[in-house]
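Two complexes are shown next, each including subunit A; its partner changes from subunit B in the first to subunit C in the second.
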Partner chain A sequence: MTSTQPRTAGPTEPVKPGTTARRLRSGHGDRGGSLAFRWLATGAGILILLILAAVAVFLVQRAWPALTADPSELSDAISWFPEDTSLLGFVGPLIFGTLLAAAVSLLLATPIAIGIALFTSHYAPRRLASALGYVVDLLAAIPSVVYGLWGGLVLSPIVQPVWEFLGTYLGWIPFFGGVVSPTGRVMMTVAVVLAVMILPIITAICREVFLQTPRLHEEAALALGATQWEVVRMAVLPFARSGIVSAAMLGLGRALGETMAVLMILSPGFLYSFQLLAAGQQQTIAANIAAQFPEANQTGVATLIATGLALFIITLAVNMAARAIVARRKDFSGAN
Partner chain B sequence: MAQRIDVKDLNIYYGAFKAVEDVNMTIEPRSVTAFIGPSGCGKSTFLRTLNRMHEVIPGARVEGTVAVEGVDLYGAEIDPVAVRRQVGMVFQRPNPFPTMSIAENVLAGVRLNNRRISKGDANDLVEASLRGANLWNEVKDRLDRPGSGLSGGQQQRLCIARAIAVKPQVLLMDEPCSALDPISTLAIEDLIAELKSEYTIVIVTHNMQQAARVSERTAFFNIAGTGQPGKLIEIDDTATMFSSPKEQATEDYISGRFG
Partner chain C sequence: MTTTPTSTTPTAAGTSLREALQATDRRRRRTDLTMRVLIIAAFVLAMIPLLSLTWTVVSKGIGRLDSYFLLHSMRGVFGGMDAGGIYHAIIGTLEITLFAALISVPIGLLAAIYLVEYGNGKALARLVTFLVDVMTGIPSIVAGLFAYALFALILGPGAKFGAIGSVALSVLMIPVVIRSSEEMLRLVPNELREASLALGVPRWLTIIKVVLRTSVAGLTTGVMLAIARVIGETAPLLLTVGVVDSINFNLFEGRMMTLPVYVYRQYAQGLVPCTDGDASCIPDINLQRAWAAALTLFLIVMVLNLIGRLVTRLFAPKIR
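This part shows the complex of A and B:
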């Protein structure tokens, strides 16, 4: 646009020699603004790295006594530390329990979230869609303690017969094997509650991503004679792939770190067990820290912080894995 | 394969706004019909009613009939999805599916109709469609690369290949060359000349020379003013339209004395 317009400075205002050269050099007009923005962005990025580093340093420093201690010292000093076990042997089942809880809840939540998001973005009439979106967002406003109370007192007894049914008829699947707990305070119930908790964030992000599908691509599919579902499959979902992965990873991040709901529902255990319906099988890192911290002595705190370090590393690793997944098919993402 | 289209008393609305008023025309089979007219006169809107793409816009609706070989596309028992499989469309901006490879893009429409196409048939169809769109030689070594990695002109020809792969009866093109350089434009015009032996083609263009070069019939649309509905002023053989149009408005527009 501007390049084709005549120069306004022309005849009325003679250009002093050297002005152009000075203008071209730097520091003029919006260059200053963009420079400030660049510093701000760089500064923010560095700040985040610094915070991450500070957290890592804090965790390592405080966990150091436990990391370097002899296993026998640990079990002597800490009442709940198992005999004849290294620190790794102690953290292992906790990591396992944490990943299991997060994975199962993600498995439950993601398809439902995608379904709700698709319904609100591509199927529902506008009024219904916004009402539904509002209700799902409300789920995010409920504090996790309330989820814990509800899960332990209300949901567990309700779902227990269902778990009983699964155990009886699908018990040959390892996940449903073992003795089904009569209280319902098991990993499966935890996963259901966690799924409800991470549903809003996954749904909200998926919905935004689905709504951003280029009209051009949807019309391309429609013009080929695609039904609404085929439009979703050809244009919407492929476009949203990386967004869905990011949404799921955010949900996973929340599920990994969730404490109260797990603490208040799960009857804990320290086994490498896939049995989701049996009591006393698994425990998560966060819930374990919350449960033991108030009573822990110095060595105990160091040990708990070591488990926290493990959680930190897992969360970082999960996020990096998500990025790798997103980047892998970048060529086909439509970003180019 | 190619079929004749009869449009009768067609009014087109966006909600309460009447965008196009009272169109009557016949589009001949195995020929190219060009739509010309000033911006905003409803060429795209009208074109999109010919394959029921108009109604995907919320609030958009149509009155009147569009009959392909005597069957009204807006009849009660007609499935718009089926209509779009018979009447293909190429858009102004090239829109290959970015997540699909070149070959998958060509097969996209075919896979909707018929999931179980054998690998050999699929390869043959990809080659035939890309040859049909004059693109084969440029992409034959990278069929599994993303379609979005092609140049704009190549992408547009890929979209044409995708549209003709399903062997439609009618092919609608909305300013297919407006984003392309003169060489790609010529390639597509040549392509249109070849395709018209098999398909009924309707093309919207702002380029008068292009209309004169590629079409047998030309329709001129005009609009009285903003907020007014667009109207079909005149449709005739292209040669007649460009030498001795019946309406003064057509002559003014064609000779550049418009507005």
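This part shows the complex of A and C:
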């Protein structure tokens, strides 16, 4: 910014206003409408900075009463705040639930997303590829509340027998332990819905990276007699590794902040529990805010905003890490 | 490697060599086939939820979706009454989303112009690009909390009206508008800018009359897709705009209903307890309304997406 100051100011100084001066000044020095427009555009850019700063500042400012309050005050003022715990003790299980939901959904979504991306970039016939990609993008267009409705009323009853089966035969794995919920409104169902929701974003970025694989690498592999899968394994995947990682992290960021699907499907609980198939075990930050906010009192709102601040920081960290990985690859244009 | 005999002597170099090479390693070919099947299966697997969701939303929602449902509010509707509609929610969704677009489109467009036309290589531009990326990842509920906190500071806590929801939505919408507009503005060939500047047209007129006019189709698409993205947001509106059963046209006073929140609320109310023999009471009336409203929302989003894509296809200038 500072480097451009002399350049724009420089030529205008020595020249006196007049017709010849006008001609000389045209070019870099902006006057009148141009100057106003330049400042307007720059102002909009700076506004982005301010908005992001404002989000952080206002959240801290509103959460401050809860951050500084005594734990006993909080549990006195808020009906749903557990006794004998600090704010950290309250947020802890929520953060755990949020991370668990996002991690499981990511585990489900990433392999499928890579498969779809490979399908549209290397396996599907050329003519079909873009149309099929568009169909996958449609998954991203569906509002989250519709996903919630579908997950709660349609998917839960369908997958419940599957969870029952997993609980009976694989119950010795901690994730599938506990009493399997008869309604299917459990973390595992939530993770499946979240996986469907983050599938398009991971697929879109993976596809973009796969398509950027140097053609010569692929042809060299083919010339050595590699099968199509070996081309993918030897040329495409190594080239795309960091792209896949950042795509997964962007998907993770999306899954962390998802509210409605969790709110409408999960039967919540506040435990540090890995049991994905049992009811009343976990809750996520976002869903908890949406559930409690409308009826919360002053202190309750402050506490909820404090949990929102924790969510903001987590997603910010995840997104920044993902973007940093993307930025390291210079030739990657950054699909989003 | 498996020990398949490779002693087939190639008589003529063409096809028989090929056969010989292909016969060498069954295991590799099996892996190739397996992976091909798995990759196609992944795609088919992803289609299942899309088809299931579309089918259920359409089949369950179509029954109640009629002109009565679209033109009546929920005022005075209680229990299992066979009445009630989404008129108030449609009004709320349209007003709040349009106001959000009114805030985000100028800011987003100007910021994109800054990044493309003025920013190149400057530290501020790089910072803004990075922050836009970060902003894309803000969870919608945090945007809602931000808008609530902002207005709580100005008007005191507890304020709930439509414009707060618009502010929350524009926090989500601005980065989307910037990203898509930036991409579109970068597609405008530099020769056009240079030609215009060479004719003595000032920079700002060049941008408005040449750059923006060339990319107007792409910009429209970007805005449409951004609107389609935020029109289905539920959580921020639940926090900032609240819930109401009657019609409210005023963005700046009183709670408003919006379509996504309506769907959630009807779903949350669940089944109605009916007394036996009461023919006018429908137990699952709330869920029926939820599905019908979800279908309306689904159709709005799909139409916006479709129009957005068509605009680019039909009106894009032929650059190449």
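Basically, the second predicted complex is superposed on the first by the 265 of 336 C-alpha atoms of A that agree within 3 Å, B and C clash if a C-alpha of one lies under 4 Å from a C-alpha of the other, contacts with A are read in each partner's own complex, and residues count from 1 in each chain.
By our rule, a residue touches a chain if its C-beta (ideal position, glycine included) is under 8 Å from a C-beta of that chain, and two chains touch if they have at least 3 such contacts.
All values derive from a computational prediction rather than experimental measurement.
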- request: Check whether A:Val136 is in contact with subunit B, with subunit C, with both or with neither, and answer first, second, both or neither.
  value: second
Message: Let me test your reading of the model: by the given contact rule, A:Ile325 touches which partner, first (subunit B), second (subunit C), both or neither?
response: neither
Task: Have a look at where A:Glu230 lands relative to subunit B and subunit C in the superposition and call it first, second, both or neither.
output: both
- request: Could you say whether A:Glu219 touches subunit B, subunit C, both of them, or neither, answering first, second, both or neither?
  value: first
- request: Considering only touches as defined above, state whether A:Leu67 meets subunit B (first), subunit C (second), both or neither.
  value: neither
Task: Based on the superposed arrangement, let me know which partner A:Phe312 touches: subunit B (first), subunit C (second), both, or neither?
output: second
Message: Applying the document's definition of touch, where does A:Thr259 land relative to subunit B and subunit C: first, second, both, or neither?
response: second
- prompt: Once the shared chain is lined up, is A:Phe37 touching subunit B (first), subunit C (second), both, or neither of them?
  reply: second
Message: Does any part of subunit A touch subunit B in one structure and subunit C in the other, and if so which residues?
response: 225, 227, 230, 334, 336
Statement: Listed in rising order, subunit C residues that touch subunit A in their complex are 21, 28-29, 31-32, 35-36, 38-43, 45-47, 49-50, 52-53, 56-57, 106-111, 113-115, 117-119, 122-125, 127-128, 130-143, 145-146, 148-150, 152-153, 157, 171, 174-175, 178-179, 200, 202-205, 207, 228-229, 231-235, 238-239, 242-243, 260, 263-264, 267-268, 287, 290-291, 294, 297-298, 301-302, 305, 309
Task: Could you please specify the touching residues of subunit A with respect to subunit C in the complex?
output: 1, 3-4, 26, 30, 32-34, 36-38, 40-49, 51-52, 54-55, 58-59, 61-62, 111-112, 114-116, 118-120, 123-124, 132, 134-136, 138-139, 141-150, 152-155, 196, 199, 203, 225, 227-230, 232, 250, 253-254, 256-260, 263-264, 286, 289-290, 293-294, 298, 301, 304-305, 308, 311-312, 315-316, 318-320, 323, 334, 336
Message: Under the definition above, what is the set of subunit B residues touching subunit A in their complex?
response: 51, 53, 56, 81-85, 88-89, 91, 93, 95-101, 108-109, 112-113, 145-146, 148-149, 159, 162-163, 166
Footprint of subunit B on subunit A - complex, ascending: 214, 216-217, 219-227, 230, 234-235, 238-239, 241, 329, 331-334, 336
